[in-house]
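Next up: the structures, one after another.
In the two complexes that follow, chain A is the common piece, with chain B as its partner first and chain C second.
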Partner chain A sequence: MTGRRWTLVAVALAGGIAGGLTLGIALGTDTSWGPGRGFNAVVGPLVGWAFIGTGLFARVRRPENRVGLLMIAVGFTWCASALIVADQPGLFVFGYLTIGLPYAILYHLLLAFPDGSLHSQMERALVATGYFSAVVLKTLETLFADTGASPRGLPDNPLLVGTDGGVLADVAGFRPELGVLLALGVVALLAVRWRAAVGAQRRALTPVLVSGGFVTALLALFLAAGVTGISGIRDQLEVARIAVLAMIPFAYLGGLLHSRVVGAAGVNRLVARLGRHGRPVDVRDELATALGDPALTLLFWLPQRELFVGAAGRPAELPAAHSDRTASVIEHDGQPVAAIVHDRSLVDQRELVQAAGAAVSLVLENERLDAELRATVEEVQASRARIVASEGAARRRLERDLHDGAQQRLVSAALSLRMLTGTLNGDPESRRELDSARKDLDDALRELRELARGIHPAVLSDQGLRAALNGLANRAPIPVELTGGPTERYPENVETAAYFVVAESLTNVAKHAAATHACVRINRAPEKVIVEVSDDGIGGADAASGSGLRGLADRVSALDGHLEVDSVPGRGTTVRAMIPCGS
Partner chain B sequence: MARWSDSRTIPLVPRKVLVIDDHPGFRRTARRLLEGDGLEVVGEAGDAASGLAAARMLEPDIALVDIYLPDSDGFELTSRLAALAKPPAVILTSSREQSEFEDLVERSFARGFVPKHELSGDALEDLLK
Partner chain C sequence: MRVVVAEDSVLLREGIVRLLEEAGHDVVGQAGDAEELLRKVGGHKPQVAVIDIRMPPTDTDDGLRAALEIRDRQPDTAVLVLSQYVEEGYVLRLVGEHAARTGYLLKDRVTDVERFIDAVQRVGEGGLVLDPEVVAHLLGRRRRDDPLDALTPRERDVLGLMAEGRSNHAIAEELVITQGAVEKHVTSIFAKLNLQPATEDHRRVLAVIAFLHPERPRT
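Let's look at the complex of A and B:
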C-alpha cells in the first residue's frame, strides 16, 4: 500500500472512532436542553460518518479535488461540535468552541462545489467571513461566556476569563446576526449558480446545491429565531437542519450516480449517431448534446505550431485556471487531437468527457486536419498580405527618396543652367550647347517624374484614389471616361491595388487594344470595391499569358480578391477586379 | 505698394519674396535665381510653421511655397497665409507637375503654380498679372 492509502485508512479509522466517541458521549450524558440526547446520539455520528466516508470516497476518486478534503473536515468538526452535549466541562467547552466550524467548512464546500476551488471575490469573501466568525469570534465569545450560570443548566466553562469582556465580547456578541447575513449570502450565491446552470451542469449541481442551500437557509432561520427571541420553533428548526445536513453526502453520491447514468446514456446516443452512415455530423453539436453543455466549444491541436486553433483556424487559448470554463484534452494514439472546452461543473465528470471525446476522436482527427488546413491557409493569406503591404511601403519610400534626392538635384541643376543662360551674351555656339543641355535636363526630369509615379503615385497617398485616377485618365492617349470615382478613402492596400489595376489596364488598352475609348468604373459594394476597366478595342486579351495581367491578378488575390478578364475578339476587353474592403 | 503697368520692367522698389521649402539646396538656388531676376528674397523657411512666422514678420509681397512641407502641405499653408493681416500673394511650387494635384491649386487661395524647374522672376510676375 502506498503512503496515500495508509493516510486514507488512518483517516477512516479516526473517523470511525470520532463518530463512536460522539455516540458514546451522547448516550452517556443526561442533557435536558436542546432537541434531546436521543436525536443527537443517533444523528450526530451518522452525520459525521457520512461526511467522512463520502469525503474519503471523493478523495480516492479525485485526489486533486478539494471537495473530498472539505467533506472529511465537515465530518470531523461535526463530531467535535457534537461534544457540546457532554456533561464533562472540558469536552463540553471543546464542543462549544467548535460549534460553528462544520458550517463554515460546509459553506466553503458548497461554494467550491464541484471542482473544489472558489471562483469569485464574493465567494472567497463569504468563505473567509465564515471562518472568521466560527474561529475568531467564537473563541472571543467563549472566553467570556459564563455557561455555568445559564438557566439551561450547562456545565461550567473552564476557559472563562471573566464575565465582562468589554468591547471584544460585545463584538463577538454579534455573531448570530453575522451568521444570519452570512447564511443568506451563501443561499443567494448558490441560487444564482443553480439558476445559471443548464443541462448537465444543473444535473451535476442540483442534489448538493439544493440540500446544502436548505441546510444553510434552515440555519439562517434558526439563528434569526434566536436573535429575535422567538425560541419556540428553534428545536424543530435544529432537527430539520441536522436531518437535511445528514442528507448532503448521500445527495453527492446520488448526483454522481445519476450524472453517470444519464451521461453514459448521452455518450451511447452519441456513438450510435456517429455510427450512422451517409450523414456528416457536427461533432461540436453532438458533444454539446451528449454532455449537456450547449456552450461547449472545440479547439484543435496543431502539432507543428504547438498551439490550439478554433474551427475557423484562428489560434485560441485554453480557458484560464480560474474561469468558469475549463478544457479537457482529447488524445488519439497518445497525441493531443483536440480540447473540449466546457463548463467547470463537468470537471467532476472527467471520465464522461473523456469517454465522449474518445468516441468522437476519429471524427475529431478529421476536423483537426480541416482546422489545420484552414490555419495554414489563413497564415499564407496573412503573410501574402504582409508582403503586399511591405512592398507598398518600400515603393512609397523609394518614390520619396527619388523625389527628395535625385529630383531636387536635377531641379537645382536646371535652375543653375537657366541662370547661366541669362549671363551668357553673344557666343551662339555656347548658347546652343546650353539650350541642348537644358532640354536634356528637362527630359531627364520628366522621365524621372514618370518613373517615380510608376513606382508609387504620390497623389494616391496624398489625395486618394479619385484624384490619382483622374490623373491617369488625363494622361491616357485616348479619351477615358471615369464614373463612380470614390469620394471616401479606402485602406491603403485597397487604393494601391485599385490604382494599379486601372493603370496597368489603361497601359494595355493604349498598347494592344487599338481602342478609341475606354471606361473606368469604381463601384462600392458591401465588403468590397469593384474596379472595372473596359474598352472598345479588338479584344483577345488573355490573363494567363500577359505578365502584366498575371501580376495584377496576383496583387488582387493577395488581398483575397480576384480578377476577371472578359475579352472576346472583336468585342473589346473588360478587366474587373473585386477587392475586399470592410465597410 | 507700387503698381506696374509692365511687369518686365524692373520696378524701382523690388518685390519682396519669401521662399518656403524644406530643401536648402532649392532655397539657395531660388534665391540666386530670383535675385538675378530683380526680386528681393527677404527670407527663407524650411517648414510651414516657421514660414508662417516669417511671413507675419517680414510681410513679403510674394510667398513661394513648396506643396510638400514636412509639417503640413502647401495648400494648408496657403489658407493660413491668406488669413494674415497683410497676406502675400502665394505661388505654389513643386518638382511634380500641376496636373498631379488635380484641381487643388485652382481651388486654393494661391495665385498660381510654377514647376520648380521652370522657376524664374518672369514666371512669378506672369502669375501675378
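Let's look at the complex of A and C:
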C-alpha cells in the first residue's frame, strides 16, 4: 500500500474512534439542556461518520479537489464539538470551544462546491469571517464565560480567566449577531449561484446546495432566536438543523450518482446522433446538449502555430485559472485536437467530459482541420490587406515626393531659365537654345503631372471619391455619366480601390469596348460600397484573361470584397465591385 | 498692386517675389504655410494673395482652404491659387458660385512671365482667370446633353478664352478676328446658355460658371 493509502486508512480509523467517542459521551451523560440523549446518541456519530466517510470517498475519487478534505474536517470538528454534552469540565470546554468550527468549515465547503476552490472576493470574505468568528471570537468568549454559573447547569469552565473581560468580551459578545448575518450571507450567495446555474451545472449543484442552504438558514434562525430571546423553539430548530446536516453527505453521493446517470445518458444520445449519417452535425451544439452546458464553446488546436483558435479561425486563449469557465483538452491519437471550454462545475465530472470528447474526437479532428484552414485563410487575408494598404501608402508617398521634390525643382529651374532669357541680349542662337530648353522643361512638367496623377490622384485624398471620379469622367474620350458620387468620405483603402476600379474600367472601355458612352454608379449599401461601370460597347470581356481586370479583382478581394464582370458579346460590359465598408 | 505671396518652397517663392517686384508690384508679405498666410493677409490687407495650393501644415490642400477662408473674411482681397493639378475638383471648389477676384493657374505658368503678371493684374481688378490647360481640358471633355454642344466651334473658342480671363480685345487678337466679331460671339453665347441680362462683367462670369458646371441648370 502506498503512503497515501495508509493515510486514508488512518483517517478512517480515527474517524471511527472519534464517532465512537461521541456516541460514548452522548450515552454516558444526560444533560438537562439541548436535544436529548437519544437524539445525540443517534445523530451525533452519524453526522461525523457520514462526513468523514463521504469525505474519504471524495478524496479517493478526486485527490486534487479540496471538497473531500473539507468534508473530513467537518466530520472531525463535529465530533469534537459534540463533546459539549460531556459532564467532565475539560471535555466540555473543548466541545464549547469548537462548537462553531464545523459550521465555519461547512460554509467553506458549500461555497467551494463542487470544484473545491473559492472564486469571488465575496466568497473568500464570508469564509474568512466564518473562521474568524469560530476561532478568534469564540476563544475570546470562552475565556470570560463563567459556564458553571449558568442557570442551565453546565459544567465549570477550566479556561475561565475572569468574569469581566472588558472590551474584548464585549466584542466577542456580538458573535451570535455576526453569526446570523454570516449565515444569511452564505444562504444568499448559494441562492444566487443556484439560480444562475443551468443544465448539468444545476443538476450537480442542487442536492448539496439545497441541503447546505437549509442547514445554514436553520442556523441563522437558531441564532436569531437566541439573540431575540425567543428560546422556546430553539431545541426544535437545533434538532431540525442537525437532521438536515446529517443528510448533506448523502445528498452529495446522490447528486454524484444522478449526474453520472444523466450524463451517461447524454453521452449515449450523443454517440447515437453522431452515428446517424447523411446530416452534418454541429459538434458544439451536440456537446452542449450532452453535457448540459448551453454556453459551452470549442477551441481547436493548431500544432504548427501551437495555439488554440475558435471556430472562425481567430486565436483564442484558454480560460484563466479561477474564472467561471474552464477547459478540458480532447486528444486523438495522443495529440491535442480541441479544448472544450465549459462551466467549472463540470470539472467534477471530468470522466463525462472526456467520454463526450472521445465520442466526438473524430468529428472534432475534421472541424479542427476546418478551423486550421480558416485560420490560414484569415492570416492570408490579413496579409493581403496589409500589402494593399502599404501599396496605397507607397503610392501616396511617391506622388507627394514627385510634386514636392522633382516638380518644385523643375519649376524653379524653368523660372531661372526664363529670367536668364530676359537678361540675354542679342545672340539669336543662344536665345533659340534657351527657348528649346524651356520647352523641354514644360513638357517634362506636363508629363510629370500626368505621371503623378496616375500613381495617385491627390484630389482623391483631398476631396474624396466624387471629385476624383469627376476628373476621371472628364478625361475619358467618350461621354461618361456619373451618378451617386458620394459626398461623404469613405476609408482610404475603400476610396482608393473604388477609384482604381473606375479608372481601370474606363481605360478598358476606351481601349476595347468601342462604346459610345459609359455609366459610373456608386451606391452605398449597408456595410458595403457598390461600384459599377457599364458601357454600351461590344462586350465579350473576360475577367480571367485581362490582366487589368484580374488585378482589379485581386485588389478588391484583398479588402474582402469581390468583383463581377458581366460582358455578353454585343450587349456591353458591366464591371461591378462590392467593397466592404463599415458605416 | 499690394501682394502677399505664400509658397513653402523658398527658392520658388523668391523667384515669384522677384517677378512681381520687377513688374512693379509691391510684395508686402511672404508666407511659408497656411497659418502664416492668413496672419499676413489679415495684417496687410493686400489686393492680391498668390497662394500655393499645397502647403504645410498638412501638405494637402491647405492653400486652397486658406484661399476660401480669405475670400470669406476679406472679399476685397483677390486670390490667385497656384496648383500642380489639372483637376476640376479643385477649380470648382475654388470658384464656387462667385467667381470674381479668383484665379487658378498651374504652377508652371509662373515661367510664362507675361501671362502670370497679367493674371495677377486681372484677378486684382476683379476678374476670373483659369489656366489655359485647365480650360483646354474642360473644353475637351465629352458629355451627353452638354449645353455647350449648342455652341459653334468658334463660340467654344471664345468661351474658353473668356474663361482664361481674356478681354474682348485680347480674344480678338488671339483669334485674329475683329473685336466686333468677338462681341457678336459673346452675345450669341449668352443667348445660347440662356443667361439673364445683367452687367457685361457679371454675365461673363456666369458664362464661365456655366462652362464649369455643365450639369447645373442656369438662371
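One rule holds in what follows: the second predicted complex is superposed on the first by the 573 of 583 C-alpha atoms of A that agree within 3 Å, B and C clash if a C-alpha of one lies under 4 Å from a C-alpha of the other, contacts with A are read in each partner's own complex, and residues count from 1 in each chain.
Throughout what follows, contacts are C-beta pairs under 8 Å (C-beta built on N, C-alpha and C of every residue); 3 or more make two chains touch, one makes a residue touch a chain.
Small disclaimer: the values here were computed from a predicted structure and weren't measured.
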Task: Superpose on chain A as described above, then tell me if chain B and chain C fit or clash.
output: clash
- prompt: Should A:449 be classified as contacting the first partner (chain B), the second (chain C), both, or neither?
  reply: both
Query: Is A:412 in contact with chain B, with chain C, with both, or with neither (first, second, both, neither)?
result: both
- request: Mind working out whether A:481 is in touch with chain B, chain C, both or neither, as first, second, both or neither?
  value: second
Message: Just to be sure I read the superposition right, which of the two partners does A:404 touch: chain B = first, chain C = second, or both, or neither?
response: both
- request: Could you tell me if A:461 is touching chain B, chain C, both of them or neither one (first, second, both, neither)?
  value: second
- request: Return first, second, both or neither, reflecting whether A:517 touches chain B, chain C, both chains, or no partner chain.
  value: second
- prompt: Which partner, chain B or chain C, touches the larger number of chain A residues?
  reply: C
Chain B versus chain C as contact partner of A:344, first or second or both or neither: neither
- prompt: For chain A, what residues appear in both contact lists, the one with chain B and the one with chain C?
  reply: 403-404, 407-408, 411-412, 414-416, 418-419, 422, 441-442, 445, 449, 453, 458-459, 462-463, 467, 470-471, 474-475
- prompt: Considering the complex alone, what residue numbers of chain A touch chain B?
  reply: 403-404, 407-412, 414-416, 418-419, 422, 441-442, 445, 449, 453, 458-459, 462-463, 467, 470-471, 474-475
Query: Where on chain C does chain A make contact in their complex?
result: 9, 11-12, 15-16, 18-19, 54, 59-61, 64, 84-90, 92-93, 106-108, 110-113, 133, 137-138, 141-144, 146
Message: Under the stated contact criterion, what part of chain A meets chain C in this complex?
response: 400, 403-404, 407-408, 411-412, 414-419, 422, 438, 441-442, 445-446, 449, 452-453, 457-459, 461-463, 467-468, 470-471, 473-481, 517
Field: Partner chain A, residues of chain B touching it in the complex
entry: 23, 25-26, 28-30, 32-33, 36-37, 68, 73, 95-97, 99-102, 104, 116-117, 119-120
